[in-house]
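Note sheet for the following structure.
Chain nomenclature is as follows: A, B, C and D, assigned in order of appearance, with residue numbering initiated at 1 for each chain independently.
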Amino acid sequence: MKATFLIHCPDQPGIISTVTSFIQQSGGNIVYLDQHVDKQAEVFFMRLEGEFTQFDKAESQIEENFEKEIAVPYAMEWSVHYGNEKPKMALFVSKYNHCLYDLLIRYSSGELSVEIPFIISNHNELQNIAKQFKIPFYHIPVTRDNKSAAEEKQLKLLKEHMVDFIVLARYMQIVTSRLIEEYPNKIINIHHSFLPAFAGAKPYHAAFNRGVKIIGATSHYVTEELDAGPIIEQDTTRVSHVHKVSDFIEKGRDLEKLVLSRAVQLHVNRKTMVYNNKTVIFT
Amino acid sequence: MKATFLIHCPDQPGIISTVTSFIQQSGGNIVYLDQHVDKQAEVFFMRLEGEFTQFDKAESQIEENFEKEIAVPYAMEWSVHYGNEKPKMALFVSKYNHCLYDLLIRYSSGELSVEIPFIISNHNELQNIAKQFKIPFYHIPVTRDNKSAAEEKQLKLLKEHMVDFIVLARYMQIVTSRLIEEYPNKIINIHHSFLPAFAGAKPYHAAFNRGVKIIGATSHYVTEELDAGPIIEQDTTRVSHVHKVSDFIEKGRDLEKLVLSRAVQLHVNRKTMVYNNKTVIFT
Amino acid sequence: MKATFLIHCPDQPGIISTVTSFIQQSGGNIVYLDQHVDKQAEVFFMRLEGEFTQFDKAESQIEENFEKEIAVPYAMEWSVHYGNEKPKMALFVSKYNHCLYDLLIRYSSGELSVEIPFIISNHNELQNIAKQFKIPFYHIPVTRDNKSAAEEKQLKLLKEHMVDFIVLARYMQIVTSRLIEEYPNKIINIHHSFLPAFAGAKPYHAAFNRGVKIIGATSHYVTEELDAGPIIEQDTTRVSHVHKVSDFIEKGRDLEKLVLSRAVQLHVNRKTMVYNNKTVIFT
Amino acid sequence: MKATFLIHCPDQPGIISTVTSFIQQSGGNIVYLDQHVDKQAEVFFMRLEGEFTQFDKAESQIEENFEKEIAVPYAMEWSVHYGNEKPKMALFVSKYNHCLYDLLIRYSSGELSVEIPFIISNHNELQNIAKQFKIPFYHIPVTRDNKSAAEEKQLKLLKEHMVDFIVLARYMQIVTSRLIEEYPNKIINIHHSFLPAFAGAKPYHAAFNRGVKIIGATSHYVTEELDAGPIIEQDTTRVSHVHKVSDFIEKGRDLEKLVLSRAVQLHVNRKTMVYNNKTVIFT
């Protein structure tokens, strides 16, 4: 059984050898270790994959021991994830289909190792795609007046299906504080600009008007402040004076798909950690 | 003799065939033609290179005829540049040497076909590099109190040497309106961010604090508004959580050199046109 | 009506002005012109888009006049394509679905302006995807013994549906001379390496074994020599020692999709010309 | 005092915890650890940086203990490098100055932390640059007849100055087996193509003739087989039909400089390990 440990704590000497010795003595063979120290914040981060031959029986014991012997003395925040778990991912969409298609194809081919209990949309247009891939589709319209009720429905579905994280695949509504608080650093958005340039609405139009020579896309965890959450992944592509806004949008779609799917993949593989509104992305 | 025509005018039918027929009838063979229409602004742009076998005698006549027969009826703004002209480029620098070195090496190898009458700096540090490449170096300190007098000295040098355009190779002073008015779309700056993100001071620090995964550099023509002029060239490179601000700066230096030298090369080869605070960059 | 002219001929003075005058006098307004001279081969290339207000009546007359007045004297090879034509594209696939999905999504969203009369496959696996997008699917198995008969069936379908060009979307069979001769520079392949490196079978394995730090994908027109036809488009992405062959394959899929769809788009928009086993790609 | 350990050995459980415990018990604080397992070859690689407060006294003792307690039982090959050491880098050049300039500027600005005891060239052209940067320059002509004698002179200089590694900064001679054997994985070359495409002479001409849309540069350790050694770093840039061979060469120069300097920097910072003709590049 593979177990992936994610750890962060105040930086201090001896953490690596203490943790690796513990894993070793608990019957685990370390197959991957990556660590990072944020010198400014004086915080230590580690991602460790161990292969445990007889983990099943001892699982709870190891977790208990780790908490007592390591986590408490080092003031760690930590989590452990097992190789046989598939996280449950909810998809929120509106009318654009490219990111939805991209994620569903990766899901159906097995490249993206998640369960997708349902797709929520404030519009009806993408219902057919959900049907193609046999995913339940819930149409929850959002208007100025029903925003709170709509959110209740969303939360109910998320809870019922024990969703682990949410992907906003070009969902054209601003999600509320309540959802963000329930899923801290667990809502992944794709913004169609090279943030922090062109946050907010109509970034391709803004980029066109500014006359940039490169456009981008940014995937980030959603926080209270719009388009200002911790960046997971970005990418860029060249444009020139020959490209109209519609060309920016077309080229941008390919960027959005790639950047969002990479971010989702990183999250699913437990390769992201968040601290001080920034991410550590393990390789 | 090669002659390069740069033209822009209100878009209307027949411009290309009229201009190409004129060139043909004036004894020129068109070896390159690129054109662009800005549909929003309804403006036509053209860059045309003609090879004239007996141009020397007829030069002034052709210019006169072009003005009368073509430019006036089509309400064109136009210029023509001859293959035997080397534009005069003044360099403004402060303390960073990487962009200065980069341009001087390209100049001395013949890759960059300009004359460099002098280098101006508000500091003394880079005098030795000027000496290595045998370029006159003028140290004109700039303080809050002498700003206007310093500018007078700069302008005097620029005029005396009939400078065609100015390159701010990491010059750490804001140039004044007066200089900008004298050299409209003829002052090239390099800004060490992916504009419009992180305009102003300390962009690498700002990028680091935002936790971006890609940094950039932008070369643009200087206008009144800081870091908001027409963009000539941009490029980007990846960073990650392992990079400190000092790594951003080091990686950024390589970007700045490349982006600035490409922008200068495009300007020197008359491949840039400016309209509505945006550039058309011919290939 | 928009008409796009593609022209190549021996380089000589006066071509541009002659052609542009002809278009002008035939009632066309030139909205785009790009030209290239291959100095080595002394060949002139041009792509010209004209907007004709009353073209429908005069179409055949203009073509006839162009042939007589321009093409014959200048020894041109030329073609003209009208804005209301949608080229017919046949898709050949095997078992990999990523390129097929990518093209079909672009097709169904209208981004890719073609008709797709059918999909041919030597396997059955992708039949369901064809069904999702309501495209006829022909399963034509290919074995060592039936190769010639299979090809007959393919050709028959291609002829019946008056197919304009063929896209091999990870079709895992070598197409025969006969097909290539029927569709010269009209069969587009995607090869999963940065050609000419790693031509032939298993390029990701070869790249892995060589220890490259960058992998690529190449789309090209199919010629007799395997993976040696005129290159339309290439792109690359970084890899490192942490990536296994399976990671190369996964990263490569995203490259393959993008590179193939860009190449197909260029072909559909008549932006490619072929000469001496190389392409001119207009912008 | 910072000490960097580079380790490789047959993969087996417990290495990480054993090594980290040793470092910890020897008074070192681990500030960086990266590890990699080559599953095919079943080899474990590790790079570890430790901060030792009282290392100076104990240095030899720690090395001795490490050898005895860790390296021997685990059948390790290992080396340790101290923060106060600057490796001695010899530069071999011919007539092209761009890579030489690039490395010398990084050296003189302190970005590249090496000593450069001398530059060797088979030509005289770059002597002035050596003088600018105050580096001894040895002109050792190489002809078919004197190749062996020339090599003797080179080796004598290398030995006298206790050179640690050699950089071939566009040195246009094939280095001999004798030199390679003396400096295994310590001679860094820059090849002006995206290897393995276009190995050997005139790669830009070959790339031009093939009609590629992207060109590259590759830095690698020199081995017996020409341009076939372990790749350290590669990069690519776009070209198109408008670029002549001379444009490939000009664009390529910028690639060569960047790729070579990155590779040298990685080597100097002990971030490269070689195994089975491939590199592990730590971040």
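Operating definition for what follows: contacts are C-beta pairs under 8 Å (C-beta built on N, C-alpha and C of every residue); 3 or more make two chains touch, one makes a residue touch a chain.
Chain identities (UniProt): A, B, C, D = Formyltetrahydrofolate deformylase.
Not measured: the values here are computed from a predicted model.
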By Cα centroid distance, the chain farthest from subunit D is C
More contacting C-beta pairs: B-D or B-C?
B-C
What's the call on subunit A versus subunit C, same or different interface residues, using the half cut on shared numbers?
same
Distance from the CA centroid of subunit C to that of subunit D, rounded to the nearest Å?
42
Taking each chain's centre as its mean C-alpha position, how far apart are subunit B and subunit D in Å?
37
Touching two or more other chains - residue numbers and ranges from subunit D:
240, 242, 283
Under the definition above, what is the set of subunit A residues touching subunit D in their complex?
13-14, 16-17, 20-21, 23-24, 29-35, 37, 283
Could you list, by residue number, the parts of subunit D that touch subunit B in their complex?
97-98, 101, 105, 109, 111, 132, 240, 242, 250, 254, 258, 283
Under the touch definition given earlier, write down the residues of subunit A that touch subunit B in their complex.
36, 38-39, 194-198, 210-214, 216, 230-236, 240-242, 244, 277-281
